[in-house]
Structure formats: structure tokens, C-alpha cells
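Paired with chain B in one complex and with chain C in the other, chain A is shared by the two complexes that follow.
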Partner chain A sequence: MYTLYINNRHGSLVYQKDFLSDVKLTANDRIRLASTFHGLSAIAAQISPVNTSKRLPFGFLQTTGISLIEAEGFRIQCFETLTGLKFFAVASSTFPAVILDSFLKQVYEVYTDYVLKNPFHDIDMPIRCELFDRAVENLFNSIKGLG
Partner chain B sequence: MKTSILDRQFSKSKGEVSLSLYAFLFSEMVQYCLNNVEQSQQLEDKLHEVGVRVGYRVLDLLCYRDKANRREVRLLSMLSFVSQTCWRALFGHAGDLLKGQDSELEYMINDKSLLLTKFISVPRDFSHINCGAYAAGIVEGILQSAEFPCEASAHTVEESTNPPTRSTTVLIRFASEVVEREKRLQNS
Partner chain C sequence: MLYSFYLYYRHYCVYHEAFNHGRVAKDLRGDQKLISGLLFSMKSFCQKINPKDLGPNALGNPFRSYSTPEYKLHYFESLSGYKLLFMTDPSVPLLRELLSFIYGSLVVEQIIKNPTFDIGERLTGHPLAPAFSKALNDCVQATPFFASLPQ
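Our next item is the complex of A and B:
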């Protein structure tokens, strides 16, 4: 796994972490990449031929948009929360998708713990929490060997 | 049937409150205090002030629950009541009671993982702030209403292990008459 991004519900990047040192992107590149992903995801939801959200009861609670982009050599996997946050990670295509999915959900879990319960964090603003950093790192270390 | 708060068992105390609820409530409280002060330095004072009022009530409640309506009058047993019984009721585990090195008026309660600050990471520009000031306020409230005049303050202790761990120490400084009284009680 290479990089983890978190977008807020307005599509701007609030958190980003590289797990490999040889990723070479400037801060601006990352912001551009993250908001492009948000835009693509919104367009994908619009042009999708199946519209599940209207048919199902409580369908409006279902998230729409991109959950996986497969490319040659890497893939981008996204987990969108009901509140509109997007957790997405760039990983090599050999990395098991199930593990990546559960990793993103676990990141959401530590986000609710160490970010939302932190009185010094403003919602929708970039995340600067030491404890959150450490928790994400621990999560990554626990799955590192599996990939 | 819904029971009112007055009908409920008074002595029940274990695991009644979820940790998330506790953490969110405390977080909101810190934000409220933060909005109500002009300088960030005053945040600790504000939290302390709120804690003191909690302390008054904690003493009454725990004396009733655990001590059959008696309270300690000796210094050391009072301190161990605070660091064991009160700490367990408030934060789920006991704190370590230490004696101050420089002065006989000083005692410390150390907690390696204070429940209050479990989810809180303090930003760099607030680095002097410890939200444990609330716990210090509670300790001061308990001791003052038990007739042990004192001042309590919270301090962050950083240990350079890997990963670096932070513990919170509540420093209690008694008024000199407390120690004098203690000596009189010892001799009699």
C-alpha cells in the first residue's frame, strides 16, 4: 500500500499519509489529486445507469460514487461514509482488496475516536492530531505483512 | 415501566456510562471553555473551576456509597481514598499516589492513561495545556470540602520511551495548617 487520503464532504483533502518514502508528489499535487477524485466520484454517480438510491427503502442512505479504480499496476480503493467523508488508498494491484477495505474502515473507526473526540479539532479542517497519526501507523504496521 | 432517577439504586456504579459518550461530553466541555476564555492560557483555569464543583459532589456521593456516610480525617487515608476509591469511580482505575520530594506539603497522583485525555491530542500552539486540569479541579474540590485546604494542578510528564508516553500528574499542595493538624493528631 502506498498512500492514504481522507477527503471531507466538500471534497477537499483533510489528511494524507504516505507509507512509502519514494512517493514524490508536492503538497499541491496531492490536493489536486484528492479533489479530482472527489469530482470523478460525483460524476460517476450521476452517469451511472443503475440508480439504486431511489428504488430501495432507505436508499437515500446509500453512498454512491466510485469504490474501486483498477489500473495497470495499482488500484485506488475508496470507502465513503454516510456523512460524505471519503477514505481512499492507493495500493499495488497485488494487495488483497478485502484487507484494504477493512483497513479503510478501521481508519474510519480511529478517525471517530481520535479526531472527532478531540476538542482542538475543527470539523472539515485538516487533521493535525498526533494520536490519530500514531493510530493510523499502528494499523498500517498490522497489515503491512499481509500485502 | 420507566423508573425515575429517584427510584434507581443509589449504590450501582459500574460501567453505567459509555466511553464514547463520556469522551464526547468532555470534548464539548473543553470547547465550551475554549470559547469562553479570551486567552488560551485561561482554559486550564476554567476547566479547573468546573472540576472543583464536581469534586464537592463526588465527596458526598462516594462517602455515602463506599463509607457508610463516614469520611476520612487523617491525611494519608484521605489521599488514598482520593487516589483509589474516587479515581476508580471517576476514571475506572486507580491512580498512583506519590509523596512530593521537596516539601512535606506536597503530594502527587500520577495516572499513566488518564481517561479524560485518552482521545485528545493537544496541538503544538497549545502545548502547555493539559486537559487533566479538570481532574485537578475535582481533586481540589474533594479535598477542600473534606476540610483539607489545598491547591491542585495538573502537569504533563513526558517519558522518552519509544513510542513516547505521556502521563498526567496531579500535584497537590496542602496549606500548612493541614500538616500541623496531622502532627497534632499523631501525637494525641
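Our next item is the complex of A and C:
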């Protein structure tokens, strides 16, 4: 697994972490890529050939953005929360999807524990929180061997 | 479940076909433009975010498919600028071989090699379209996921 990004509900990057040092992108590039992803996700929801989820009861609770991008040699898996946050990770194509999915959900869990409960954190602002950093690092170390 | 097929040349749609009574697009032209824009940004997005740096001379497009909870888009791009895509339900595995087969043996053989067809011309409404549509339908209806129910 290479990188984790967290977008807020307006599509701007609030957190980003590299797990391997061979990712060469500048801070500006990352901000742009994260916003591009938000835009792609919004358009993808608009051109959907079906509109089943809106008709179902509680269909509005179903997210409609991109959940997975497959590309040559890598893929991007995204977990979108009901509040509009997007957690997405870039991983090699051989990394098991189930593990990546549970990793993203666990990151959401530590986000609620260490970021939302932090009284000095403003919502929708970039995350600067050492405890969260460390928790994400630990999560990554626990799945590193599995990939 | 297969929903639709699109054939693009560079940035415009030259052919479109819907299967299995998918959603009737209110504004097909608008949708086609959105898809073309989406594919364009997806290409630069994937090239940029690719962790293995391929260098500025990397050929081709790394993007293969994306899925949302509602559908999945499968993508194939030829070096000559033709782009083929399928929209299916999310449970269908990657259809790259099928798309490359359709490109190689239907689009190239029946359309591009035909002397009455100019490269980049719109196929919708062209005299070659009915034969192509029939061949395409024969090809996709033989696949196991054509009318399978979405999970």
C-alpha cells in the first residue's frame, strides 16, 4: 500500500500519509489530485445508468461516489462516509481488497476517536494531530505483512 | 447485468447502445460529454497518482475501470484514439479482453477497414451501423453476465 488520503465533504484534502518513501509528489500535486478525485466521483454519480438507490426506502443513505478505481499496476479504493468524508488509499493491484476496505474503516474509527474528539480540531480543516498520526501508523503496521 | 456500450473517438461519442432497458437518459448528449470529460480527467489523474513513476514518455492510459455502488465502468483505449466502454453492474469482473476483442474484430474489421467510413466519422446513422449493432449484440448476449441480476 502506498498512500492514504482523506478528503472532507467539500473535496479538499485534510490529511495525507505516505507509507512508502518512493512516492514522489509535491504538496500541491496532492491537493490537486485529491480535489480531482472528488470531482470525478461527483460526475460518476451523475452519469449512473441506473437510479435504483434513490427509490429504495433509506436510499438517500446510500453513497453514490466512486468506490474503486482499477488501473495498470495499482488501484484506488475509497470509503465514503455518510457525512461526506472520503477515505481513499492507493495500493498495488495485488493488495487484497477486503483488507484494504477494513483498513479504511478502521482509519475512520481512529479518526472519530482522535480527531473529532480533539477540542483543538476545527471540522473540515487539515488534520494535525500526533495521536491520530501514530494510530494510523500502527494500523498500517498491523496489515503491512498481509499485503 | 450489462447496461450500455459507448464508442468514443478522441473526445466525442461516435456510437452508443443501451441494453436491458437501462435508465432512459434525459439528456444523452449531455451525459456523453460528461463521460468524455470524466475519461479525460481520469487519464491524467491515474497517470499522476501512479506510485510507480513511468516517466513522461509512458505510452497509453493506465486507467482500466472504476466502480460505484450502483454500476461499474470498463474502459479500453486503443492507441489510435478509439475508446470503448461498457457500463455494467458492479459485480462483473474486468471486461478488458471482451472490449479489446470488440475493438479488434468488430470495430477495426467492420468499420475502420471499410472504405466508405472516414476515421472519426460518427457511426450513429451511418449505413454500417445496423450490421455493427447486430454483431455487437451477438457478441455481448453470449456472455454470462449479459442479463444476470445485479447483486
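To be clear about the criterion, the second predicted complex is superposed on the first by the 147 of 147 C-alpha atoms of A that agree within 3 Å, B and C clash if a C-alpha of one lies under 4 Å from a C-alpha of the other, contacts with A are read in each partner's own complex, and residues count from 1 in each chain.
Throughout what follows, contacts are C-beta pairs under 8 Å (C-beta built on N, C-alpha and C of every residue); 3 or more make two chains touch, one makes a residue touch a chain.
Source: prediction; values computed, not measured.
On the superposed chain A, the two partners chain B and chain C both fit, without a clash. Between the C-alpha centres of chain B and chain C, as viewed from that of chain A, the superposed structures give an angle of 170°, to the nearest 10. In the superposed pair of complexes, A:Ile31 makes contact with neither chain B nor chain C.
Residue contacts after overlaying the shared chain place A:Lys117 against chain B, while chain C stays out of touching range. Looking at the superposition, the partner that touches the larger set of chain A residues, chain B or chain C, turns out to be C.
In the superposed model, A:Arg134 lies in contact with chain B only, and not with chain C.
When the two structures are aligned on the shared chain, A:Leu68 is found in touch with chain C, with no touch to chain B.
Our summary of the superposed model lists a minimum C-alpha distance of 29 Å between chain B and chain C. For chain C in complex with chain A, the residues that touch the partner chain are 3-4, 18, 22-23, 31, 34-35, 37-38, 41-42, 44-46, 48-53, 60, 62-71, 73, 87, 89-90, 94, 150. Residues of chain A touching chain B in their complex: 113-114, 116-120, 128-132, 134. Listing the residues of chain B that touch chain A in their complex gives 20, 23-24, 26-31, 34, 119-123, 126, 131, 163.
In the complex of the two chains, the chain A residues touching chain C come out as 2-3, 20, 22-25, 29, 33, 36-37, 39-41, 43-53, 62-74, 76, 90, 92.
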